[in-house]
C-alpha cells in the first residue's frame, strides 16, 4: 500500500511582504509549493535556510515551483514584529513572497506552525501539485537532496514523505544551535 | 514537437576500478546513469566534481541512480596512468566504479570522451532510463540544479536536454582554471 | 620618517552587554584592542565579521588582545534598539563585550562611529598597546591578513596603519551588499 | 627561563621547481621562513595546506616571509616523482619555490622529513630570523592563528614554539583522512 500523504492545511497569514496579493494554497493547486519557515533571529535560517530558499526561487520559478517564506516567530516576539522583519527582508534582499504567521491567542507558537506541526526553524515543507505534504523537515537540508525532491515533484513523481523534528517536545524551552531553532 | 534526446554511445573502457565486473550501458538500461568525467590532476574535479559525484552515489544509490566515474585523460598522460589513478582513488576514497577511458590511436582525446563530445573536465552526463542523454555539461554544476535533474529522471520526467561546452575548439591547447579543464 | 598613528578617541557607549563593568580605552592601555563595529541587520557582519571577532576573542584572549563589539546603528534604528540587540546577541552566542554606540543629537551616525570616521559596517579597528590606531578597515578582512596584524601588535611591532572606506560619502544613502553596509 | 628553540636543520633537496637557484636556510638567515611539507596525493594538502601556503606567499612576500614548498613523499613514491609533481604544480598554479625532499637510502621517509621529525602531511614549519624552529605542526591550521604567528615572527616577537604530530609512531602504516596524511 503506498504511503498516504496528508493534505496541506491552509496558511494562516497575518500580513504579506513581497507580494501585492495574498497567496493561498488553493489558488496554487497544480503547482509545487516550497514553504520555508524561518525566524529573522535564527542563525541556521540566515546562514543556510534563506539562501537555499532564495536559490530555489530563482532556479525553479519557471518550472512550476512557488517558494513562500513563512515567518513563524516562537521566541523574541517583541523585537521581530513586521517592521523589524521588513528591515531584515530589505537588507538580505529576499526575493520571494513572505507571510507572517498569525500569533496564537495562547502560547508562543503561531497558527500555521501549529497546523503543520513544525518542530522549529528552519523547516522546509514541500507540497505536491495535488496539495499534499511530501516533505516536512527541520534543520539543514543538503542542496542535492532537496533538489532531487523538487525535481521529483515537478516531474509528478511520488517520493515517500519524510518527517523530521516531530511536534513532540513543544513544551520544552526554545533553543537554537548553528543549524536550527527548536520550538 | 518535443526535443529529441540522442542515444548514449557505448562506453569504451580500457580498465575498471572499484568494480569486479565491467559495466555497460546496455546492462544498466532501466536505471538512471550519471557519468562523471574527470582527470586526477584537474583542480575543479578534485574540489567540486568528485565530491559531488561521491555524494550523489551515496545519496541515490537506492533510488536507481548509478554513478560512474570516467577518467578521460587528455593531458599529462605519462603521469596519470592506471597506477597513479589507483593511488589517487585510494587516497580520496572514491566509492563508485571508475572506468579508464581508452586512449585514441591518434591525438590526446580518448575514445569515450570523443564519442560524447565532452568539452573537458569535469563534465557530467545524465542518461535516462531509456538510455538517452539528458544532460552533458562541462564545469561546475550547482547541487540544487543537479539534484532537480536527477530527481526528474528518477521520477521518469522529461527535462529538456542541455548542452554546455561544445566540442568546438578541440584543437585549442588544453587549459585548466579553478572550475574546469577544457580540451 | 615613520608613519604617525593617531590616538584612538574615547568610546562613547550608551549601554554595555556581556560585561558587568564598562570598558574604557584608558583602562585597556598596555593591551591590544580590536574594535568590531557592526549592525545586527548587516549581512556581511553576520556572515563574516562577527564570527571572525568571536574567533579572535577565543584565540587571543590570553595573548593580551581585547575584542570589543561596537553596535554602530546608522539605519533601521527603530528595530535595532537594545532589546533587539540582546535577543540577537543571545541567539548568535556572541562571547565578547559589546558597547552600544551613543546616538547623535542630529543625523543617523552615532558618536563613536563619527569619532573614528568609520565608513560603515563591518569595520575593524586595531589599537596598539600605546592606544594608537593601527588599522581602520571597512568590509571583509582575510583571516590570514588580520592575524598577521594582530600578531605584530601583540609582539609590539609597528605595521603601517592602513585606512579603507574613508569618511567621504557620508551624505550618500546607506546601502548594504554581501560584504558590507556603507554609511 | 624562556623556551629554547631548536636550530632548523639544513634542507636536503634533490631537485627544485619554481626557482632558478637552489635555496638554503643559511642564505635566508634574517628572514622568516615558512616550510609547507606536502604530498601531491594528500587530500588535506590539496584542499587546505597548499592554498594557505600560496596565500601566505602572495600576502607576505614583501614583508620578509619566504614560503617554500617541500614535497615529502612517504607513500606512492612510484607515481609521485618529479614529472608527476611538475604536472601537478602546473595545473594547481603553485607560485612558490618547491623542493623535492631527498629519498632515504632505507625506508619510505625522506631526509628533510626525518631531520624535522615531521609527523605527516600537510605540516607547517615556521623558522624565525635567527634560523630557529618556532612552529612545527601537522594538519590543518586556522588562518587567523597562522597569521598571528607569522606576524609575531615578522615583528621579531618570540611566541612559544608549539609542536604537534610528534615523530612517534613512525613505524605505523601511513594513512590519510580529510585533514592530513600521517607517516
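Going in written order, the chains are labelled A, B, C and D, and every chain counts its residues from 1.
Methods note: a residue touches a chain if its C-beta (ideal position, glycine included) is under 8 Å from a C-beta of that chain, and two chains touch if they have at least 3 such contacts.
Keep in mind that what you see is a predicted model, and the values were worked out from it rather than measured.
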Relative to subunit C, chain with the most remote C-alpha centre: B
Approximate Å spacing (C-alpha centroids) for the pair subunit B, subunit D: 35
Intercentroid distance (Cα basis), subunit C paired with subunit B, Å: 48
Of all residues in subunit C, the ones touching two or more other chains: none
Touch-based graph of the chains, sorted into line, ring, star, complete or other: ring
Partner subunit C, residues of subunit A touching it in the complex: 41-43, 46-47, 76, 78-81, 83-84, 87-88, 91-92, 176, 181
Subunit C-touching residues of subunit D, taken from the complex the two chains share: 52, 55-56, 59-60, 63, 142-159
